[in-house]
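Below are structures written as structure tokens.
Look at the two complexes coming up: chain A is in both, with chain B in one and chain C in the other.
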Partner chain A sequence: MDVTVEVVGEETRAVRVADDATYADLLAPFDLSPHEVSVLVEGRPVPEDQPVETDRVKVLRLIKGG
Partner chain B sequence: MSLSLDATQLDRYSRHIIMDEVGPEGQEKLLNGRALVIGAGGLGAPVIQYLAAAGVGTLGIVDDDVVERSNLQRQVIHADADVGVPKVESAAAFVERLNPDVTVETYETRLGPENVGSLLEGYDIVVDASDNFPTRYLVNDAARLAGVPVVHGAIYKFEGQATTLVPGGPCYRCLFPEAPEPGTVPDCATTGVLGVLPGTVGCVQATEAVKLLLGEGEVLEGRLLFYDAMDMSFETVPYRRNPDCPVCGENPIDSIEGIEYAGGCAVEAE
Partner chain C sequence: MTSELTLADGVRGALLRHARQGLRDGPREVCGVLVGARARERDGADRATDCRRVPNVAANPRTEYELDPAEALAAIEDAEAAGLDVVGFYHSHPESPPVPSETDRDRATWNGYVYLIVAPRTDEVRAWRWTGEAFDPLPIAVE
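So, the complex of A and B:
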């Protein structure tokens, strides 16, 4: 299936994954680890080990600097 | 016009008072307002600068660092002569020079689970201008339990994020349930940071703080503002309360006791 992945502040890309893919699999084409981002579906974070059940996600990086 | 603002204050705050959205009543709210700023570094500097100029009557400042020369490229309330001086002391001196209406309460300490409750007590709002995840999660959790709004800001190289965490709305954990493991997200000392970046993001935080104290305008509740300095673009990312959030969800914690504010800062299920 194709999922639109929007990495906030960077790029939006259509990612093709297997039907049983997890949200972590959506990050594979990007230089991002699941531990440093939140994957949002309709404004809520989803666990990265869960199967993908949407056609669009937003990916937001955690930053800490102040 | 209110009689409690004296002639000097009517002059000093005249550009506020003339606006319907502020007026003398709003200026008095600011003068009676109490804001706690966590961190007097890159973000804290413009927050402290503008809240003091705006006449926020009491500014609490928490920081356990001293001013270093490498801070001065962005931490605009500290000066060359302040190198080696505790940041809270340098910040308080800056505010004293700027506005005698403002009382500064300094806390030269590291915010931790053992002192967060007493530090938050008596403040109307908290501005999170810290530089690490344990503090950010601790501030979120303790402030939500205390019912105090938090204005969040964070920066990385050329990008910044800001959002406002208001009781009743989503909290930081609704957006980021757990912190990354230490070492996975670099800090400013490792990656560098554009000197003016915290100025922009800190001013957004100061704006939110002033609006909260005035009770005016739409704050960034359920919205994360993302700023890219290189593209000079702003984007707003909506987010929602998470019913599974351990802090503000359907089965919330009633104290921070037992939460390990290190590593992932996870709230373990009981």
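So, the complex of A and C:
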């Protein structure tokens, strides 16, 4: 399936993944690790290990430190 | 990369008020998004015209910060809908100087953006730009 992935502040790209892909699989083309981002669907974070159930996600680089 | 950050009238005060609130409540770190206009040319100044508070959801907010992702996204999209840019982000160091910590360096992810730190005990506000490898000091001009 094709999923539109918007990396907030950077780029939007269509990503083709297997039907049983997880949200983490959507990050592979962007060289992003699940540890440094949050994947959001309709404005709410979703667990990266869950299967993709939407055709559009936003990826936010985490803003954190000490 | 640009050489300066301009803070519009009132923004510095708003940042200090938020940081002082975190000092009283915790102490805990507070954080948010800086919005305004990013420089359009290589040597221009980034200009922050407003700051949007975002809840700190870090496990240990006394010494760490993490912007709530959903709230951060909402703040970013509200700014963009108003025709503004995300200039960068701010957080406070309630008990230490306003310089990037090792943790700040380890966790920075927004290359090219401003990371501003507020120290409410000394009323200091300082800014850096994350290059992807280091925090470059960024002079602040207050309008």
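As a working rule, the second predicted complex is superposed on the first by the 64 of 66 C-alpha atoms of A that agree within 3 Å, B and C clash if a C-alpha of one lies under 4 Å from a C-alpha of the other, contacts with A are read in each partner's own complex, and residues count from 1 in each chain.
In the analysis below, contacts are C-beta pairs under 8 Å (C-beta built on N, C-alpha and C of every residue); 3 or more make two chains touch, one makes a residue touch a chain.
Since we're looking at a predicted model, the values are computed, not measured.
K.L.:
When the two structures are superposed on chain A, do chain B and chain C clash or fit side by side?
P.N.:
Because the two structures are overlaid on the shared chain, the partners are seen to clash.
K.L.:
In the superposed arrangement, does A:Val8 touch chain B (first), chain C (second), both or neither?
P.N.:
It touches chain B and chain C both.
K.L.:
Using the superposition on chain A described above, determine whether A:Pro51 touches chain B (first), chain C (second), both, or neither.
P.N.:
A:Pro51 sits against neither chain B nor chain C.
K.L.:
According to the stated criteria, A:Leu40 is in contact with first (chain B), second (chain C), both, or neither; which is it?
P.N.:
Both partners, chain B and chain C.
K.L.:
Show which residues of chain A both chain B and chain C reach, each in its own complex.
P.N.:
8-9, 36, 38, 40, 43-45, 58, 60-66
K.L.:
So in the complex, which bits of chain A are touching chain C?
P.N.:
Listed in rising order, the residues are 8-9, 36-38, 40, 43-45, 58, 60-66.
K.L.:
What part of chain B is in contact with chain A in the complex they form?
P.N.:
Touch residues, chain B against chain A: 39, 41-44, 128-133, 136, 153-156, 159-161, 174-177, 179-181, 184-185, 187-188, 193, 198, 222, 224, 226, 228, 235, 237-240, 242.
K.L.:
Could you list, by residue number, the parts of chain C that touch chain A in their complex?
P.N.:
These residues of chain C touch chain A: 31, 58, 63-67, 69-70, 72-74, 76, 86, 89, 91, 100-110, 113, 115.
K.L.:
Can you tell me which positions in chain A touch chain B when the two form their complex?
P.N.:
Going by the criterion above, the answer is residues 8-9, 33, 35-36, 38, 40, 42-45, 58, 60-66.
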